[in-house]
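Right after this note come the structures.
One chain, chain A, links the two complexes that follow: it is found with chain B in the first and with chain C in the second.
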Partner chain A sequence: MKNLIYIAGITFKEIMRNRLLNVLLLFAIISIASTRFFTIFAPSEEMKIIQDTALGMIRFIGMLITVFICGSLLPREAERRTTVTVLSKPVRRTQFFLGKFAGSLYAIFLSLGLMALILYILVFFKYGHLDTADSAEAFFIAANLAKALFMIVMELVVIGSIAIAVSTFTSEIFSVTFGILVFIIGHLANYLQHISDRMELLPLKVVTLLVYYILPHLENFNVQNAIVLGQEVSLFYIFKAASYGLLYTAVMLILGSLLFSEKEF
Partner chain B sequence: MDLSVSLRIRRYLLIGAAFFILISLAPLQQSINYSRVTEDLAESLVIRPGEFATNFVIGGSSAIAVDILWLEMDEMWHCGKWFEMLPILRAVTWMQPHFVEAWELGGWHLAYNLHAYAKEMPDREKYLEEGIGFLKEGLSRNRSVYDLWFNLGWVYYNKLGDYDTAIRYFKSAVRYEHPVYIDRLLAHCYRKKGNLEQEISEWERCLRLHPGNEYHIKIVKKHLERAKKKLKEEPLP
Partner chain C sequence: MEKVVETKELCKFYRNASGNRYLKAVDEVSLEIEKGEIFGLLGPNGSGKTTIIKLLLGLIHPTAGTMTVLGRDPRHVPSKKRIGYLPEHPYFYEFLTPEEILRFYGSLSDVSGTLLDRRIRSLIDRLGLERFRKTRIRNFSKGMLQRLGLAVSLINDPELLLLDEPTLGLDPIGTSEVQDLLRELNEQGKTVFLSSHLLSQVEDCCKRVAIIYRGRLIKSGNLENLLERKDEMKFTVKLNDPRQAEDLGRRVQELGLELSEVSAGRDSLKDFFMALIKGEKR
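Right after this comes the complex of A and B.
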């Protein structure tokens, strides 16, 4: 455990020095902050625009940060031969792999935290000076936003686990591209069930359903439209979606650590 | 036990655990699918790769893009570029499928403006059908608000004279928070159908609704008296 935490800490420091991450983060922060100016197009729907744009931006930039971090960590270490140096010490491969993933998660959570902070500041400026009736509405919006942000975190954890698992046996470019493809396919996975419903050939139907269940269902974590429209999302739903995310991540980490254990350096 | 054997066993156990978790995800996914429908979180079943691609490319900026397109469309409307408005409307609904006003405007523009504007008869029918199709597509994305149920009902009532279908849509509209005139429209549908008994029953229902709204009560009473008078003059067979 001590080794794992130590590797995670080193990985976190290394990631925070990454120029690409800093540029993406800066871009996201400026974009989120500037949504306030775009509300002039629809003055009656300020809150809707702020939430919709900011959440979309957080998900999209968060996904890019995640795939670039998780997809590139292990191939870069292998290229620089630092993996061999670390593994020559009393560190197990699983500890190394999980430590790298934990370190990536620290960095991803910190980036998301910064983006979320900007979003909450915007909400505060919109409602901060208003009376109690509006404060109740502001509280509802803040609580709903927390749910949406938590769902984005879970989505990124799943994407990150897939990207790092794939990066154990492929190049940096491939795992980053694969991570982006997973994001796209994961959001369209639900359609496979509708396609399989319309299939008449049984073997094809079975294969489609199998692929449907194996693919990550990232749409499970998409509550953005409901949040923006002011709908209540139940905590039970959040719990179920989070459980799905954690279980899927566990599968990816098991497979990733097995592949990493087999890898020859 | 030999170290390599113990490692192999550990590996098989891990693969088994991963497989077991993957299988347990299937019922969990079914349960999540069910919750998404009951909590109205699910997107419609219409396949929308274009919509997804657009949103993916522009990232989180869809709301801003929609605002800009909406302004552009307003400009076109005032310049009389009625046909050029259509692709922009479609782009707006792709990027913001829950922007009900865009679906309403598109449906009305096709079923009323372009239907009236088209000179040749086959074209006219095409625009009316497209308007209804557009409203129905919007409805599949926005079922929990009255707006598009009402709009569809109105096209069937006002444009097609299909009162049975209009009643079906108006009845769905009044299940959600709605303006008072939709309740009266339901009664008007029965009046147009010539179903006097059902019409009176609808007016009586309207009378019980919104007791504080004097204007509404006045209109309903007037119609109720007229319907009852008619019933006396022409008793039901």
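Right after this comes the complex of A and C.
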């Protein structure tokens, strides 16, 4: 366990020096902060626009940060041959693999935290100066936003686990591209069942159904519409979605860890 | 004698790009390394030396054959606390300083607290890294990285050292310092497995060697026995007068012996260079 923490720590330090991450973060902060300007098109819908645009931005840039980090760490380490020196010490390969993932998550959480902070500042500026009647509404919005952000975190954990598992046996470019594709198709996964129902060719039907069952159903983590419309998202739903996400992540990490254990350096 | 490393008919084959032919990187290599010796694995580039070391570290899996390192399977992780490894091209996290790197690798090897502090200090001093202890290694030269790599391999005070071309990129002074360090470690009872293509280095340090070529072990044994010429003897004679050399040669021939070589005494370039540098340093 100690070694896992050391590796996670060094991974986090390494990621925080990554220029791409810093550029993406800067872009995210500017984009989220500028959502306020979009409200001039519909002043009465100000809060909805801020929430919708900012949450969408956090999800998309969070996904980019996640796939770039999780998909590139292991191939880069193997290329620079730092893996060899670490694995020559009493470090289990599972510790190394999970340590890398834990360090990545730490950096991803920190990035999301920063983006979320900007969003909350925007909400605060909208409600901060109003009377107590509005503060109840502000509290409701803040709590709902926390739920939406938690679901985004769960979604990114799932995508990150897929990207790092794939990166154990492929190149950096492939695992990053694969991660982005999983994000796109994963949000369309629910349609795959309908598509397979309409297919007449059996092999195609089987393949589509297989993809439907294997791919993560990322729409499970999307509560953005409900929140923007001011609907309550039940804690039970969040618990169910989080359990699904954690289970999916565990399977991916076990698979990734097994593949990494057999890898030759 | 206790065997620290033992391989029996060890093989490692790789498929080529088309997948229909095998490249025999290591082909039926049997080695035995005894506790407390400096063993040299000698061979030209691409002969399979690095592959053997990676097999001994469990970084790659053998195609056939068996091996034990410190009495265990190379993939036995806790045994690695007793092993130090220097790769041919040591690479470390570039954003760290030598001190941070040693701390990281020491922590991974379960060395901590004041013991780790002491070891870091002593290795940094011993390997001439004191001026750069707080400098990020991004711009380190090959030689500096090699010194750091050696320090990392020693941070857990290992019983067995697996060194892959330990003097690669070092200047003659660095090479000499590393050779002295290896002898010193050997005197402390450590076993050193040294892989090199530098013949003089192996000759200077090792008592037993194995010569590998195209993955196959072609010769192994005690260096003295391998190099000895039983029908020849070499004398070094101090002359009072240069003309005595002629007399000496004549007398040898009178004894019915063939004089195969006569040459004036001279230093090796290495000795000459080291003496000059030491003089300048003073």
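Convention: the second predicted complex is superposed on the first by the 250 of 265 C-alpha atoms of A that agree within 3 Å, B and C clash if a C-alpha of one lies under 4 Å from a C-alpha of the other, contacts with A are read in each partner's own complex, and residues count from 1 in each chain.
The rule is simple: a residue touches a chain if its C-beta (ideal position, glycine included) is under 8 Å from a C-beta of that chain, and two chains touch if they have at least 3 such contacts.
Every value quoted in this text rests on a predicted model; they were computed, and no experiment measured them.
After superposition on chain A, the partners chain B and chain C are accommodated together without colliding. Once the two complexes are laid over each other on the shared chain, residue contacts for A:A250 go to chain B alone; chain C is not touched.
Comparing chain C and chain B on the residues of chain A they touch gives the larger count to B.
Touch criterion met: A:K13 reaches chain C, while chain B stays clear of it. In the superposition on chain A, contact is made by A:H194 with chain B only, not with chain C. In the superposition on chain A, contact of A:R92 is made with chain C only, not with chain B.
The three-chain arrangement built by superposing both structures on chain A places chain B and chain C 160° apart around the Cα centre of chain A, to the nearest 10. The gap separating chain B from chain C at its narrowest, counted between C-alpha atoms of the superposed chains, is 8 angstrom. No residue of chain A contacts both chain B in one complex and chain C in the other. Only residues 31, 35, 38, 41-42, 48-49, 52-61, 184, 187-188, 190-191, 193-194, 213-214, 217, 219-220, 222-223, 225-226, 228-229, 231, 233-234, 236-237, 240-241, 243-244, 247-248, 250-251, 254-255, 257-258, 261 of chain A touch chain B when the two sit together in their complex.
Per the touch definition, chain A reaches chain C in the complex via residues 2-3, 6-7, 10, 13-14, 17, 80-82, 84-92, 262, 264-265.
Every residue of chain C that touches chain A in the complex is listed here, in rising order: 54, 57, 59-61, 77-81, 83, 85, 87, 89-93, 95-96, 104-105, 107-110, 149, 152, 156. Remark: chain B residues 11, 14-15, 17-18, 21-22, 24-26, 28-29, 31-33, 35-36, 39-41, 43, 45, 47, 49, 52, 55-56, 59-64, 67-68, 70-71, 96-98 touch chain A in the complex.
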